[in-house]
Amino acid sequence: MSSNAQPAGSSSLEWHKYPVQVYPHHTDYAGVVWHGTYLTWLEAARIERLQALGLGYHEMVNLGYELPVVEINIRYHTAVTMGDRIIVKTRLEARAGVRIILAHRIESVDGSRLHVSGNLTLVAIDRTSNKIARTLPEAIEQVISSL
Amino acid sequence: MSSNAQPAGSSSLEWHKYPVQVYPHHTDYAGVVWHGTYLTWLEAARIERLQALGLGYHEMVNLGYELPVVEINIRYHTAVTMGDRIIVKTRLEARAGVRIILAHRIESVDGSRLHVSGNLTLVAIDRTSNKIARTLPEAIEQVISSL
Amino acid sequence: MSSNAQPAGSSSLEWHKYPVQVYPHHTDYAGVVWHGTYLTWLEAARIERLQALGLGYHEMVNLGYELPVVEINIRYHTAVTMGDRIIVKTRLEARAGVRIILAHRIESVDGSRLHVSGNLTLVAIDRTSNKIARTLPEAIEQVISSL
Amino acid sequence: MSSNAQPAGSSSLEWHKYPVQVYPHHTDYAGVVWHGTYLTWLEAARIERLQALGLGYHEMVNLGYELPVVEINIRYHTAVTMGDRIIVKTRLEARAGVRIILAHRIESVDGSRLHVSGNLTLVAIDRTSNKIARTLPEAIEQVISSL
């Protein structure tokens, strides 16, 4: 390997950014975003990340696979208020076969405030057997590899 | 017909009652229930109504039918606040074949305040053809008839 | 008034367009968008419409006013499937003082399929008195007028 | 104290049980409960637990305090399907001042299947200062202590 070779998986060091605007249905009585709402944004950010790599989530499903969340570990740092515009950051944290850990950070647009941080673990499922997939079709493998 | 005979379909004159407790995730920044949340309660009330008549909604789906909402006409009268306990009332308003109109009223437990009123229209769908069902299996027909 | 004057409120004839991508959390067991999910999109479309005219919804709230939904009349024509990209169209249907009726159409991106159509009625509320606003501050009135 | 005495705080060893019925709006395209939906049930279970001890969550808010979620660590073991009836179990895992860790298990009614397990961390907030509460009013302290 030459000295200037790219390290394997280096793309994972860059954050994918997904912007969100906060609407009333995201909030609760306290005037801030309800804690469960963030999971809808993490899902949207994750799917947009895959799509940017060429794989629509519905295409993955049509190919017979899914990528459900099997573990959530997140911390809430500061609240997000109605009308705020925030950025959901996503990047690959680790991968072991069909098990993928994504790191997330939800920040203010200027990056000065951290609202949420944590990891979500996903596992590829074969829809036919309804079990963990042993291998993935090339079209999916390629995209997961380039995460 | 004697003067004190019950009118046909009189069961539809009685309201089925489904109680709800308001939690934070039901509310928005204004401290009251977000307008879309009520649709989750109408769905729960409708399904409990069918279940009380002997038909679980998942059983209907397993039999190859669904009862999706095709029209919503509702008015919001007074807001519902976090911690409130309210009653979702449901009854048959009209039926024409596989098209059903349910009337709803959402009221305070003591009945003194009306929060929401209106109608939802549902149509039975055959899951195989993905079209409006022409007829319904006996198990479903019986329950719809006794609504 | 000259014969070629623009009719009053002519801006209302143009639809404001808000694009949506369908994610898993929007759908239900039937593989299509759950009927209540559309209300989150109508809310987002409505707020983006106001924002395009210069009024953030949170700014309206900070000024002491809200614009809650008081009536919903919508029909579901064809289902929307996961992965679909659709357009939420919004325009002013009618206005009487602080009472506003917005017309909505949810269509496929190419406009060939109509998914949802209908009206939402909103009423401006004064947050201090928690009653219907008699008049609106200039900053809000101007935006509502130009809807 | 005799050697077989119950350890202090033994009440925390008992699970509070909150039953849930799965409706369509809880599910996603895969026919099972969407992963974020469980947070609405954990919230309901937690509030019912406090209420059973004599403290409505809205009463806590009226007293000037909140108990927001600041950390989530949960694992999904097996999916929950539409129509299922399940039990959400809650108990105190640990407490350090105004910081509380609740353990949760979501199981089938007969206890034979584990669907979700994990911990949620909550911190009492003083609504006036919008900061972590130093102490709690007696009415709240008593209930938290008896968790």
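Labels A, B, C and D are assigned to the chains in the order they are written; within every chain, residues are numbered from 1.
Quick note on the criterion: a residue touches a chain if its C-beta (ideal position, glycine included) is under 8 Å from a C-beta of that chain, and two chains touch if they have at least 3 such contacts.
The model shown is predicted, which means the values in this text are computed figures rather than measured ones.
Among the other chains, A has the CA centre that is most remote from the centre of chain B. Counting the residue numbers used at the interface between chain C and chain D, over half appear in both copies, so the two copies meet with largely the same residues.
Bringing chain A onto chain D by least-squares fit of CA atoms involves turning it by 180°, to the nearest 5. Centre-to-centre separation between chain B and chain C, using Cα means, comes to 26 Å. Chain centres here are Cα means. That of chain C falls 37 Å from that of chain D. Contacts with at least two other chains are made by residues 24-25, 29-30, 36, 39-40, 43, 61, 82 of chain D. Those residues of chain D that touch chain A in the complex are listed here as 29-30, 35-36, 39-40, 43, 61, 66, 68-76, 118.
Contact residues of chain B toward chain D in the complex are 21, 23-25, 39-40, 43-44, 47-48, 56-59, 61, 81-83.
Here chain A touches chain B in the complex through residues 24-25, 27-32, 34, 36, 82, going by the rule given at the top.
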